[in-house]
Amino acid sequence: MSALLEVSGVSVTFDGFRAINNLSFNIGPQELRAIIGPNGAGKTTFMDIVTGKTRPDKGSVTFGERSVSLLSLSEAKIAQAGVGRKFQRPTVFEDQSVFDNLMMALKKPRGPLAVLLFRPKAEDASKVEALAAEVGLGDQLARKSGELSHGQKQWLEIGMLLAQEPRLLLVDEPAAGMTLQEREQTTALLVEMAKTRAVVVVEHDMEFVRRLNCKVTVLHEGSVLAEGSLEHVTKNPSVIEVYLGRG
Amino acid sequence: MRHLFLTFLALLWLALPGVAQTTEPTTPGPVAQILADNTALIERSSRTTIGPVIDALAASGDPAAAMVLDAWANRSLGLREADGTFFLIAESGDSYALRDITGADAGTAPKADITQLRPNAGVRGLIATALVQFQLADPDPAKRRVALESIARDPAPENLAPLRAAIANSPDPAMTRLERLLTLRFDPDPAARVAAIEGFGADLGLDLRGALNPLVATRRLAVAGTGAPESANVAATLTPGNDLPREEAYDILVAAGMAPARLTVADQRASLVANIADGAVGGIPLVQLDDQSARDRAYTALEAAGLAPSAATEDEVTAALAAHSFYDVYAEPDPDVTRAARDALDRIGMTVGAMQAADLGLDALSLASIYFLAAIGLAITFGVMRVINMAHGEFIMLGAYTGYVVQQVIADYTISILIALPLAFAVTFAAGVAMERLVIRHLYKRPLETLLATFGISIALQQIAKNIFGTQARPLTAPGWLDGAWVLNDVVAISYIRIAIFVLAMLFLGVFLFIMKRTRLGLEVRAVTQNPTMAASMGINPDRINMLTFGLGSGIAGVAGVAIGLFAQVTSEIGQAYIVQSFMTVVVGGVGNIWGALAGAAMIGGLQKGIEWLNPSNTLAAQTYMIIFIIIFIQFRPRGIIALKGRAAGD
Amino acid sequence: MKKGFLAKNPSVLIFLLCLAAFTLAVTLLSEAYGVSFLSTSFVKTLGKTLCLCLVALAMDLIWGYCGILSLGHFAFFGLGGYMIGMWLMYARTEEIVVQALAGGPLPPTPEEIVTGIGTQIFGVVGGAEVPLVWFFAHSLTAQLVLVVLVPGLLALVFGWLAFRSRVTGVYLSILTQAMTLALALYLFQNDSGLRGNNGLSGLQNLPGLDEVSQDALSVWFLWASALALGLGYLLCAWVVSGKFGSVIRAIRDDEQRVRFLGYSVENYKLAVFTLTAIIAAIAGALYYPQAGIINPAELAPIASIYLAVWVAIGGRGRLYGAVIGAAFVSLLSSWFTGGRAPDINLGIYVVKWVDWWQVLLGIAFVLVTLLAPKGIGGLFDLYQGRRLPDRKGADLGPDDSSLQEKEAVQ
């Protein structure tokens, strides 16, 4: 099976501190994967590397059928190639309406000139409306997104990710600060999304990971400690040591 | 001035009893004899004729000779018309007090009886040269030095012999050096000259270079045919169009009368105007003459008609250039001497180059200290607190004006500077604290607005200073012991004030490091910088720390202001002159790091001096290029020379 | 577009109507075409103010909308002035030289005319040669192209260098300030070929229009400035109204997030920087013929900072705010510094506004920044009764994301 994203032998060092150490990671085109690990294991840095925010010292990151190297691409180009990222804290453009937020995210040419001359057509507008309805913001389109509640912002951001139509979705702690009901909704949505694309979920919360019911990668000190089903990895003695041994 | 001094010395010497009194006053000495023999020549003296007389006087061995020559040169030698006797005269009212040429008193005489001798400058020069030998032998070292200086100023072959005689009597390093310098220029024996040149090695003295340079002076020469000029010491053979521009080569021919001048546009125009007839020149109507080729045709027509002088055409110029060869010829005929001189100059050039590099390094260092002083306060406020303070330059100004005001109150410059430094710190510290409390505290999350608000303060402070102190520059005088410069040799020198600024800069660096690394305040500042929330939860009051840090940065700016005011004019715009460079220093060096500011200052100071050295005529251009260089530098190291890496650097 | 652009943006229409009314009123009150109520010099001041409003508009676009506090836009303004000034001065001098030479016995050759012009223009800096930078100075068309091209290219190169290396925030401001300083210092040199600190002068005389009086010219320039301002306003409003405006405001608020959306932030910044530089240059090209003289001091970094002051006082992030700020502050400034404001006698000290206006401006500026980040434009919000959502903490101001203060603290 060909992998959509292939990370191999990646290392990155900050001021002598080795945040990622010879990390290798694969994910298929339609797969849901959870990454867990204690604080400082390198989860966020891993996402930074894939999305182009941080350049690794060595190693390779390739994406797609043609195995394009992501290392030489800018963040914007990586996003255009089909990598979407959702941050832990909802980051939407609060000064702008929900409609504008979604319209900006909609998959369209991203060049300055194309954007300057872009005027939304009826189908674009209906697409945005459909998306908004999907994430439960159908009646909030004209509101400024800064006025939304925290949960609504999370949903708006997910809506923006959907509008981007990414092939690989990196989701950072989606369950943080959510109610139980919202968590269930989110779980369902992630599982649903993983049917058509690859989804990587970074999560602390074991309970949430269990719900996702997918393959799990355990990161520790910048490299992969264990990989497999949740049952499998939780039986791994070194994982137990890392999670429990240090309290 | 020096001349007056010389005269004064000579008069002193004249006043010494005994010198003039040793000979018998009754028998006329050789001097009187020579004067008597040449009365007419002396009275109507001219440079061309008087030489032998002066030489005879100087060679007479008569002790009176020096006195007479000196008096002559100073217009205090007079001739009594009645009997042709020379007297030393001194004006007193309507008459002259007379002394005979041995110095004995000879009464007075009405002005009408005496003709005062007024030798012209040329003659005075000859007399001065003749006097040198007497002065060189003088027992008083000060007088000998004066004589040496006078020779060094205007060296002449005639000085050589007296100089050598004087050395034989009383050897003296300065005298020996001057003798070698004169030898290399004027000695008749080329071997002696070469030896003298080589004896100096790579000596750096300006006097040596002054003596050597005339030896290698060349002039351009054109010779018909291809043979080298006979009996000339050729320095280089030149090829027109290659190492000698064709126009210049042809100008040499024209100047030497070896070729006709080329026609200038102005000459052509004048000839055409002179030959206007019936609204046309040379058959071409005037209205068509607004074109150079038409004018050329008209002029050719005039030439053909013999109405205008024929001028060299381009082909003729080419032919003339081909028919001549061009040389650079040494004025000095002896090739051995010129070769030795050239070698010596090359050696000196190498050493001078090295010394100039050292001097440039010192210059750069002192400029870097100034930038560092100006920027260190900024490195604290901008670097540590990430607060951009556009009024930083005005704090520098505030410090400088504090120094000025203190000097108005306390006259002693040393004491006033010692008081001004802490006072300037106190004043700007207070201003900084006030500004932090009133403005900046409310804008910590809005860095761009801090920039604007502090800019508002900057223009207000500047205008207030203008209203109080006026627009003219106020002096801030350095104490006397800071005057002057530390001179290593003729090339390398650095003024004490710059050394003081360097020391001050190093002192600040030390104080800053001490505060940050060794004191409780420094610990708290670092804690607040890295994580204000965490620091606050540990009992540190971030507001207080921010206020103190800002005050410290501002206070240092004030002290820097006093230092800068010592060598720059204190005006309300003094801060503006440094603000951009200060920001550059911090940004280039790397924000948040005192060593970064140091590295930035060193780089900017070095760079500016380096560029100025490459293009010495133009400091404006140097600054322009420096800024462009910095903009490009930022491309490669956006976080500065000493960058914080990794997550700590933030985004 | 189902609804018209103007219909969707009523403020644009209102602005254009106000501008038209203003222009008409000034024309009717001018010496040349009206009742001579306004002096020609005042008409010129008003015309110049319109140009300053245009450059403030550019500043608002780059700063208020895109979040880049450029301290270099007055340099582009000055460069535009220099470009048009070169033609004005050259063509005007050419007329004079041709006239002078026509009296001679021979008709002048082109070379003689060029030499004459060179001596006339560059005599003050000890030269007679016409420098290479004046190569196109004889042609109005070429210089008009250069008005756009030179500042545009400078902005493009500088912006490319600066944005590529991800210099942002105050660093970028300092870097643009350094660029301005470098340019001003360069122009101060005599061998820059632009007459050093003498600058270019006599620009108020239009070549070939000797018979037109300054009275009429001042009104013509007012019309041209008003037209440029109107078109500039339309352009800016159009740019910020659509998705492009959405993207640049998003860049202002959180550029990293915009990158992850797939927009190349650098290209957008570069586009806005260059576009605004060109607008500034056009404003400058209209300003300096009215001012009559341009010299390198006009490009000093301080001028660009004043530009920021105008926009901040007017209220950034809204186009009419920039226009109001520029007009209000610059007119007030010329009223105070012109010595027309009455002195205030405090008994012990007489406050002369010529001396104290700058102090007042500085303090007012601090107060506006501290207390009214929305500037004068904020008044319109009050009038419209537009309420902000109920948020925690104080407003962070338009340039540091729309997060409120409490929310920004992590």
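Should a chain be cited, it is by its letter among A, B and C, assigned in written order, with residues numbered from 1 in that chain.
Here is the rule we go by: a residue touches a chain if its C-beta (ideal position, glycine included) is under 8 Å from a C-beta of that chain, and two chains touch if they have at least 3 such contacts.
For clarity, every value in this text was computed on a predicted model and none was experimentally measured.
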- Report the chain whose mean Cα position is at the greatest distance from that of chain B. A
- Note on the structure: Most central chain, judged by mean Cα position vs. mean of all protein Cα atoms, is C
- Centroid distance [mean C-alpha coordinates] between chain C and chain A, Å: 44
- Averaged-CA centre spacing for the pair chain B and chain A, given as whole angstrom: 68
- Task: Provide the list of chain C residues touching at least two other chains, using ranges where the numbers run on.
- Result: 256
- Name, in rising order, each residue of chain C that touches chain A in their complex. 1, 239, 242-244, 246-247, 249-250, 253-254, 256-257, 259-268, 271, 389, 391, 401-403
- Residue set of chain B touching chain C in the complex reads 265, 269, 272-273, 276, 281, 286-287, 289-292, 295, 382, 388, 390, 439, 442-443, 445-449, 451-453, 455-464, 466-467, 533, 576, 580, 583-584, 587, 618, 620-621, 623-624, 627-628, 630-632, 634-636, 638, 651
- Message: Considering only the defined contacts, which chain A positions touch chain C in the complex?
- Response: 51, 53, 74-77, 79-80, 84-85, 87, 91, 93-96, 100, 103-105, 110-113, 115-116, 118-120, 144, 146-147, 160, 164
- Message: Give the list of chain C residues in touch with chain B in this complex.
- Response: 69, 105-112, 158, 161-162, 164-167, 169-171, 173-175, 177-179, 181-183, 185-186, 188-189, 191, 256, 301-302, 305, 308-309, 312, 355-356, 358-359, 361-366, 369-370, 373, 396-397, 399-400, 405, 408-409
